[in-house]
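Working notes, structure below.
Every chain is named by a letter (A, B and C) in the order it is written, and numbering of its residues begins at 1.
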Amino acid sequence: MKKRESLRKSVWTIISLVTLFLIWYLGSRNEELGRLMPDPVEVLKFIAAGFVAPIGKKLLWEHILWSLSRVLIGYVLACIVGILLGFAASWFKVGEAVIRPFYLLLRSIPSLAWIPLAILWFGIGEKSKYFIIFITAVMIIMTNVMDGVKAVSPELLGVARMLGTKEKQLFVRVVLPCAVPQIFNGLQVAVGSAWAAVLAAEMVRSSEGVGWIILAGQSSMNMVQIFAGIVVIGMIGLLLALLIRAAERRLCAWNVRGK
Amino acid sequence: MSSMIEVKNVRKLFVNEEGEKNEVLKNVSFHVDKNEFVVIFGPGQCGKTTLLNIIAGLEEATDGEVLKMGETVSGPGPDRAVVFQDILLFPWLTVMQNVEYSMKVRGMDSRMRREEAGKYIDLVGLNGFEKAYPVQISGGMKQRVGIARAYCTKPDVMLMDEPFGALDAQTRYLMQDEVIRISSTEKRTVVFVTNNVEEAIYLADRIIIMTDCPSTVLKDIKIDLPRPRSYVDPEFLSLRKEISAMLNRKR
Amino acid sequence: MRKKEFKYYLISIGTIILFLVVWYLLSDVFQVFRKGMLPGPVKVARSFVEKLSTKTPDGNTLFGHIGASLKVVLIGYIIGVAAGIPSGVLMAWYQPVDDMVRPVFDFLRTIPGVAWIPVVTVWLGIGLKAKAAIIFVNVFVGTVVNIYSGIKQTNEVQIWVAQIFGAGRLEILFKVALPSSLPYLFTGLKVSLSMAWLGIVAAELLASQSGLGYMIQVARSLGRPDLVIVGMLTIGLIGAFLTMALEMAERVFVKGNRK
């Protein structure tokens, strides 16, 4: 039964994506629409060609790697800082009192609004991009860590004490594992947002990366290049999300199995 | 010699956000001797769990105090293991890890605690499920894990809070026999809360009958029926009638 | 208990004051920061007051920019929600639509809103329409996702009960499924609102001649960090205010079936 359901789903997925492709293809044949929409075959050709001939100064996969490495550095930093700060601001009362006001203030500033300040502080090089990605991801991760810790049930803490857990052990033995699913949720949302942030950062100032590809496409009015960039961006966004989900399945087997 | 547990004039008052007061326990006093199986029985929703939590140290009494072997109880600890109504296993630990948890935090080495935990898993009949996570097993099995986990702390007292309340009737009977069997192999002091008369008579050496809100001790009855007991034994039935009548009169 | 909470309250206030003092000492008294990096709190406050009435350097007062940004956000937001709700309902309630559209939607969803900026710029220029379109994309996706999951989670028993009482499919949709999905809808509205606010900042940073995003971008290029910070704080405050307004609406409309 389940197998048939998933087979039906995949058949429909193929039908639906093929239909999209056909509509896009036929639409781009039309003269009026053709000016707005590039031929999808051209777009795919452009992507394929990008692997052998450079777009701008670099090959397509080099652009991708540039963007990914920026995301990776900012994201990893954000994970470390976000998880530590999140725990500090939720498990420790004093930490909460100190950190929370700043958290509330910074939380309501959209991450991309940091771009100008980041450029003033760190220049237009790599550092300002790491900073934007960091700020984007760190707020999301912190929020989720804090929610995760706040959701630890007092009953479960009571059980742990009853079983002889010392106050010092409580964090590692109960709070941490309890908060892990929520933290993973945060990591997943953050990776998506970090990916969006690197695009924005690259579009503001950059000479490589996928964000640069679409912006360069815009300034030369090259729709094929813009759409090629968008397709690549979508694919990589999807891949990143799948990666985190796979990691979660590994690390939180107890939680996923129940679903 | 002092009793294992001594509850002295315990009173509990809850005050909600609107400032309304709700007295759930009033002047509750009783004692529990070593290796005695005491059932706290009462019909209402009120007070019994709170009373058990106060003995466990999970909640504080508004007035009065609880002594364990002559010392005032001030917080939860492994000497008073609780089996909860809603079980409360650690969902991220396997059955084995849940059972051996208390020994792990005490710093016992892994080979010894495996062996010890294995013994209790055997005792509650969960062999073969050591590696399962709580979400993968049934309610009855979870409650067995809860019981094994409590025994593993080597408690002076076992506190059981309507442990079979959420189980179906069949499993419930099975678990009652199980508890009797286990406590005959592992002699321990047990305080068992229930709102089911039959369960109370079936299990208890002594029943402490509580009134409804605010709860207080109505009667303290010794149950001398020989074991194993039977639900259809005439003496059992007459005892049951007597307790029911007592409660009705009170109402 | 009360007394203890009061203590943490004091710690919070103390930290904020300490932060302001340190900021003041570092920037204004000891002048640790390079010029154009971080002005002191006094300077920022003064710029804020000035900006309320002066139109330099970016052609509008603070309120003028706020108005420009808000107008675009509201237009894009309302159209996005108005289109998103029926689309999400169609997908969730009619299996064939779900089968056909969901795969395409899931693919488009992985593309961050900012990636559409170049496309929209080429299509619609950099005026109000272009920015509203960016906001629309951001809002549409968030709304569809949430109303979709809201309707999908409708309690089956409730649907059965309605069927037993002879309700038609449409009636069930309007009387059971939609009301029970309200909390999800509001989550969607809130998420979309912050996405819209993020979108407007991105759009104005990259392609605009008005609005708060434009204001901080100009301030950045002129090396005026004080104005950048004023702009960021304003963006944050208005975002927080909008969210609060939605939360109040939620409290009025969603009764008894909070998530």
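In the analysis below, a residue touches a chain if its C-beta (ideal position, glycine included) is under 8 Å from a C-beta of that chain, and two chains touch if they have at least 3 such contacts.
Please read these numbers as outputs of a predicted model, since none were measured by experiment.
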| item | value |
| --- | --- |
| Neighbouring chains shared between chain A and chain C, ordered by label | none |
| Centroid comparison with chain C (C-alpha atoms), farthest chain | B |
| Chain centre separation (chain A, chain C; CA means) in Å | 18 |
| Centre distance in Å when chain A and chain B are each reduced to the mean of their C-alpha atoms | 49 |
| Whole-Å separation of chain centres (CA-atom averages), chain B against chain C | 52 |
| Of chain A, residues touching chain C in the complex | 8-9, 12-13, 15-17, 19-20, 36, 93-94, 96-98, 100-102, 105-106, 108-117, 119-121, 192, 195-196, 199-200, 203-204, 214-215, 217-218, 221, 223, 226-227, 229-230, 233-235, 237-238, 241 |
| Footprint of chain A on chain C - complex, ascending | 8-9, 11-12, 15-16, 19, 36-38, 99-104, 107-108, 110-119, 121-123, 194, 197-198, 201-202, 205-206, 213, 216-217, 219-220, 223, 225, 228-229, 231-233, 235-237, 239-240, 243 |
| Chain A partner contacts - residues on chain B that touch it in the complex | 56-58, 75-78, 80-82, 84, 86, 88, 90-94, 101-102, 105-106, 133-136, 149, 153 |
| Footprint of chain B on chain A - complex, ascending | 155-156, 158-159, 161-166, 169, 173-174, 177-178, 180, 252-255, 257-258 |
